[in-house]
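Structure in structure tokens, see below.
The chains carry the letters A, B, C and D, assigned in the order they are written, with residues numbered from 1 in each.
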Amino acid sequence: MIDVLYFAWVRERIGLPRERLETSAVTVADLITQLRAREERYAAAFADLSALRVALDQELSSFDAPLAGVREVAFFPPMTGG
Amino acid sequence: MIDVLYFAWVRERIGLPRERLETSAVTVADLITQLRAREERYAAAFADLSALRVALDQELSSFDAPLAGVREVAFFPPMTGG
Amino acid sequence: MKVAVQSAPFDLGAEVEAFTSGAEGAGAVVTFTGIVRPDEGLTAMDIEHYPGMTERAISGIVEEAVRRWSLADALVIHRYGSLKPGEAIMMVATAAPHRGDAFAAAEFLMDYLKSRAPFWKKESRDGGETWVAAKDADEEALKRW
Amino acid sequence: MKVAVQSAPFDLGAEVEAFTSGAEGAGAVVTFTGIVRPDEGLTAMDIEHYPGMTERAISGIVEEAVRRWSLADALVIHRYGSLKPGEAIMMVATAAPHRGDAFAAAEFLMDYLKSRAPFWKKESRDGGETWVAAKDADEEALKRW
């Protein structure tokens, strides 16, 4: 089981801030492929990966990173702090 | 008549903060030559021009600048503000 | 070192005063304050963040600044929630023996907070709401460090 | 725009607060505070200045900053007289729509105040008094502008 979090317009497009998933995905990219296949709102949120960032257990990561041992995955647009 | 002001160690070396002089000096350099000739303490203060700066009527200037029309000449070491 | 992520406003004057008088050995203190710019038509700025990761990310950025420059102290306060035009969003402060280190570290902290701390800004205008897009210039700014 | 040359201490928190809340249209405020660094053995720092020229020189430097960068406001306060270690000597503040202008203008003001405003510092130590020598690095720093 893995916690998947969504922020900003990713959260708005998918319609929820977080969910708990059972997944066999090996990498982040695999997980995205599975999410896209679920429903249109997921496909829309993950349409353009260049507009997305991912964090694994609260550390910025990349789409080809493995999910082994990861408990929390977060998807969000580029950050706009400061 | 011209007001001549001294600051920091120039003031300490010469022993006064300002004086009023009658001078026929055409440039700042001429004035310095006249001052050096007055007394040892002036010669000591003006020994190394690279360690001095000059302002004419409160604007930084150079040693070859003309004195015509100038009312206030100030000599001091490089500034250390901030 | 102080890192605060909060929805409440902060007292800028009191923070600057406390930071400066507490920074032992410092000869230079630089502060930066980010304000919701009162642009035409802007009614509110909503700031979303990622609780947990935000504190981690900011602490990591501050530790990196302390490694790179000779600092006596550093501080970051960043707000989230709904802010009005003219309100302070965040501040950083750096104290160092010399001014070069204080300025460089403050600019470094700002550049990294802009693009590496998990905050997202949404502007409300008469016409609706818009997520603020990240600027290429902000990502570019990281390359100088 | 505010330029103050004074022997009295200034209230850093109150100045930063007033400057920031008064800077209309600003999205970024940068402040720099210079402090008498409490170096080993230092008992006092005496600051001499050139009344009249000091105010002119600082105003000229501030006007140059306003010409070069997009600023909402700028402030310089510089003290003279006898200061103790840990006391604030001076501060600058800049307000701008964007952070790049606020940082650049504050650094420019500092670099110019260091070498072009007529102040001279004398350190008192147990062993006696020494005029602080101008640093080549401070003169060099002007070349980047």
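Here is the rule we use: a residue touches a chain if its C-beta (ideal position, glycine included) is under 8 Å from a C-beta of that chain, and two chains touch if they have at least 3 such contacts.
Here the structure is a predicted model, which means the values were calculated and not measured.
*Asks:* Starting at chain A, what is the smallest number of hops through touching chains needed to reach chain D?
*Replies:* Graph distance in the chain contact network comes out at 2.
*Asks:* Would you mind pulling out the distance in Å between where the CA atoms of chain C average out and where those of chain D do?
*Replies:* Centres of chain C and chain D (C-alpha means) sit 23 Å apart.
*Asks:* With chain centres defined as C-alpha means, what is the inter-centre distance between chain B and chain D in Å?
*Replies:* 26
*Asks:* How big is the gap, in whole Å, between where the Cα atoms of chain A centre and where those of chain B centre?
*Replies:* Centre-to-centre distance between chain A and chain B: 72 Å.
*Asks:* Would you pick out the residues of chain B that each touch at least 2 other chains?
*Replies:* Residue numbers touching two or more other chains: 82.
*Asks:* Which residue numbers or ranges of chain C touch two or more of the other chains?
*Replies:* Touching at least two other chains: 34, 99, 110.
*Asks:* By the touch definition up top, name every chain pair that qualifies.
*Replies:* Every pair of chains meeting the touch criterion: A-C, B-D, C-D.
*Asks:* Name, in rising order, each residue of chain C that touches chain A in their complex.
*Replies:* Spelled out, the residues of chain C in touch with chain A are 34, 48, 50, 52-53, 56-57, 78, 89-90, 110, 113-122, 131-134, 139.
*Asks:* Provide the residue numbers of chain B that touch chain D in the complex, in ascending order.
*Replies:* 5, 7-9, 11, 55, 58-60, 74, 76-82
*Asks:* Which bits of chain C are touching chain D when the two form their complex?
*Replies:* Answer in residue numbers: 12-14, 16-17, 20, 24-38, 88, 97, 99, 102-103, 106-107, 110.
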